[in-house]
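Letters A, B and C mark the chains in the order given here, with residues in each chain numbered from 1 onward.
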Amino acid sequence: MDASIILEHLYLVVMTVIFSVVVGLPIGVLAYLKPAGRKIVLWSVEILQTIPALALLGLIIIALGPGKMTVISGLVLYSLLPIVHNTCVGLENVDNGIKEAGKGMGLTQLDRLISVEIPLAFPMIFTGIRIATVTTVGVAVFATSVGGGGLGKIIYQGIRTQNINLIVSGTVSLMIMAVLFDVLMIWINRRLAKGAHNKAF
Amino acid sequence: MIFFETYGDRLITAFQVHLFYVLTSVTIGFAIALVLGILLSRVPQYAKVIMPLLSVFQTIPGIVFIGILFLYLGMIPATVISALAVYAIFPILKNTYTGLLDIKKEYIEAAKGCGMSPFQTLLEVELPLASPSIIAGLRMSTIYTVSWAVLAAMIGLGGLGEFIYIGIASNNDQLILAGAIPSAIMAIGLSLLIDVLRRVVVPKGIRSVK
Amino acid sequence: MIRFENVKKKYGNTVILDNLSFNIEPGEFVVLIGPSGCGKTTTLKSINRLIKPDQGKIFVNGQEISQVNPVKLRRKIGYVIQQIGLFPNMTIEQNIGVVPKRLKYEKKEIQKITRDLMEMVDMSFEEYAHKYPSELSGGQQQRIGVLRALAASPPIVLMDEPFGALDPMTRATLQKEIGKLHKKLNKTIVFVTHDMNEALDLADKIIFMEQGKIVQMATPEEMLANPASPLIRDFMRKSSLATDPLNLTAADFMSANVISVQKKKSIRECTDIMARQHIDSLVIKNEDETYAGVVTIKDIKKHGKSSGTIGEIEPYQNITSDILENAKDSFDKLYNSGDNYVVVLNNDQTVAGIISKTSMATAMADTLWGDMQ
């Protein structure tokens, strides 16, 4: 097993997370701003999550043709739930007094979101991104079934050829990657939370 | 319609097999998780070390477990069920554990003060109070398991995954959908069922207090 | 009934109970009182073995309790805690029936007990028995908490600051009720509080503790007449002085915890402070710390800009009161002005505190019903 496969997997994960945030964050914010649509949005992302990852990828490949970007778009759909959910709930949970004060100062809704509400909800939003990242590391294994490469290739190969060494080396790399992401992101979140604290007081 | 004439029977069998895998493994997983969660909540000082270790194992993709068990146990349903059960454990275990730990001290003290034995306290106060969290874990586990059970087909053990695998191999979107839609329906149906269960299990007095 | 013999307890190096010995007679209402950390709660909790002493013996009804199964012991001792601790998953009837059910009482009998007990505190069985704790007010919940402790008619009831979390009105009512219940049921009650008025009202005997030792154990009359230490005298004085409303000044009622800013603070910072503290106005001070006026969130809104300093906004001239002014005069001002609070000023015109309508109500309750912490 060479490093390129790990890098390939890493590429899938990082791209997926970036796109998930780009798509999921605005959806979460919209769901928060428009309570009427909130239920439908949260429900839809939950439904997406009930479709088996493999099937979702299979369908997208058929629709868009094989290739890394298609794999990534499938994985994005699959990781929307925690990001959208945490964004929406995190914003809802921001203290009402603070929201009111923002209004009282005559800030526009957009200004309030950007300068007050999103910063305060950020730890929760970031937790959603972290969950999505760690899950994606695992789910990206399926990429190989639809020609996307990554560590899944090693694992499948191991299972097919009954080569336990191959399976274990693939799995361990995967676990390490997941744990590293997890630890790194928890650390970043703590740092950010501390920074916000210092700024406020 | 032609599709159903050709695949209808196979689809129904696959659905049943899939449901069987899910129900058995979630049941087994639930029983193990509940017991482990209770035990760990009695020794939080060890649990602090054990829980993160378990969560690391959770990052192993299901396919690996099935693959390895397949090598040792062979192509039998027990392979799939034990692999899926292992996956079903963690969300329930985690929620049971945190649900029990989050109970306010005063209730435990009141229970002791009323002369409840530790077992009675667990059964009549702690578990009912933790039930919303435990059920939420069960719901999560069930939805995941429906999705993971697709992997049974990878080692030729049927279920809705069969359609998905064949569909991907032959580039047939109808077949993939024939596997994906029933599986999504199963996940949604089971989670609705759990919502009903929640209404029955969670005591009325704490339903509003989430 | 309850006897402590040389009981000792340490947490790490801190001595909590220091060689404690005393005796409580059957039917006595004993109140444990003292400053926080004096060991009163630890004493109480070692009676039903929620806390295990390091040394010494405790006898309940002649039996050394370390020899008794704790579960069995606790079923014979009622227990009421400050946080109430009604089980939220059980109805009121189920909560009251917790102990009788475990002692294998008949269902009918449990219902009768519940009905009788609820009647005693004027709560209708029909109306409340099938409700859940979350549907009751705090005072009602604690009534049920007391009834739960009484349900299996234990000869002893332990109460750990049972009314500490209630508002003064409810507390006074419940104190009266508990006094009545005690007379009627002839229980031995051990009651922990930090409120001397409560102790004087309820106790047959007061045990005053400090640093794990008993400083004085006496009837309320005796303790009033001959307090054994300056600290006890201080506790007493606080409770008796507070009942003489004529001598009170604005200083006695104000909250010194007032949030004020200097004129040079930026408006943005000010709104930040207001949001964080959940207040809608700020007291503004001149450069030399003297009082300048009050700016509300409305004034800021009217001003329109969030740049600049707070001094640019013309402050509202809120009513003020001198710190030594008679409290009644300050209250009258507050009521006649329509302002939300009075700003209390020191002699040199610096801000000492504020009296708001709520703090006034709290303070009056305090005076009438005792120290609220």
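By definition in this document, a contact is a pair of C-beta atoms (placed from the backbone, for glycine too) under 8 Å apart; a residue touches a chain by one contact, two chains touch by 3 or more.
In this text the structure is predicted, and so the values were computed from the model without any measurement.
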item	value
Arrangement of touching chains [line / ring / star / complete / other]	complete
Result of counting contacting C-beta pairs for A-C and B-C, higher pair	B-C
Length of the line joining the C-alpha centres of chain A and chain B, rounded to whole Å	22
Whole-Å separation of chain centres (CA-atom averages), chain A against chain C	48
Residues on chain B engaged by chain C in the complex (per definition of touch)	104, 106-107, 109-117, 120, 124-125, 128-129, 203-206, 208-209
Chain A residues touching chain C - in the complex, by the definition given at the top	97-98, 100-102, 104-107, 200
Residues on chain B engaged by chain A in the complex (per definition of touch)	56, 59-61, 63-64, 67-68, 70-71, 143, 146-148, 150-151, 154, 160-161, 164-165, 167-168, 171-173, 176-177, 179-180, 183-184, 187-188, 191
Complex contacts: residues of chain C adjacent to chain A	268, 271-272, 274-276, 278, 297, 300-301, 304, 306
Interface residues, chain A side, partner chain B - complex	47, 49-56, 58-59, 61-63, 134, 137-139, 141-142, 145-146, 152, 155-156, 158-159, 162, 164, 167, 170-171, 174-175, 178-179, 182
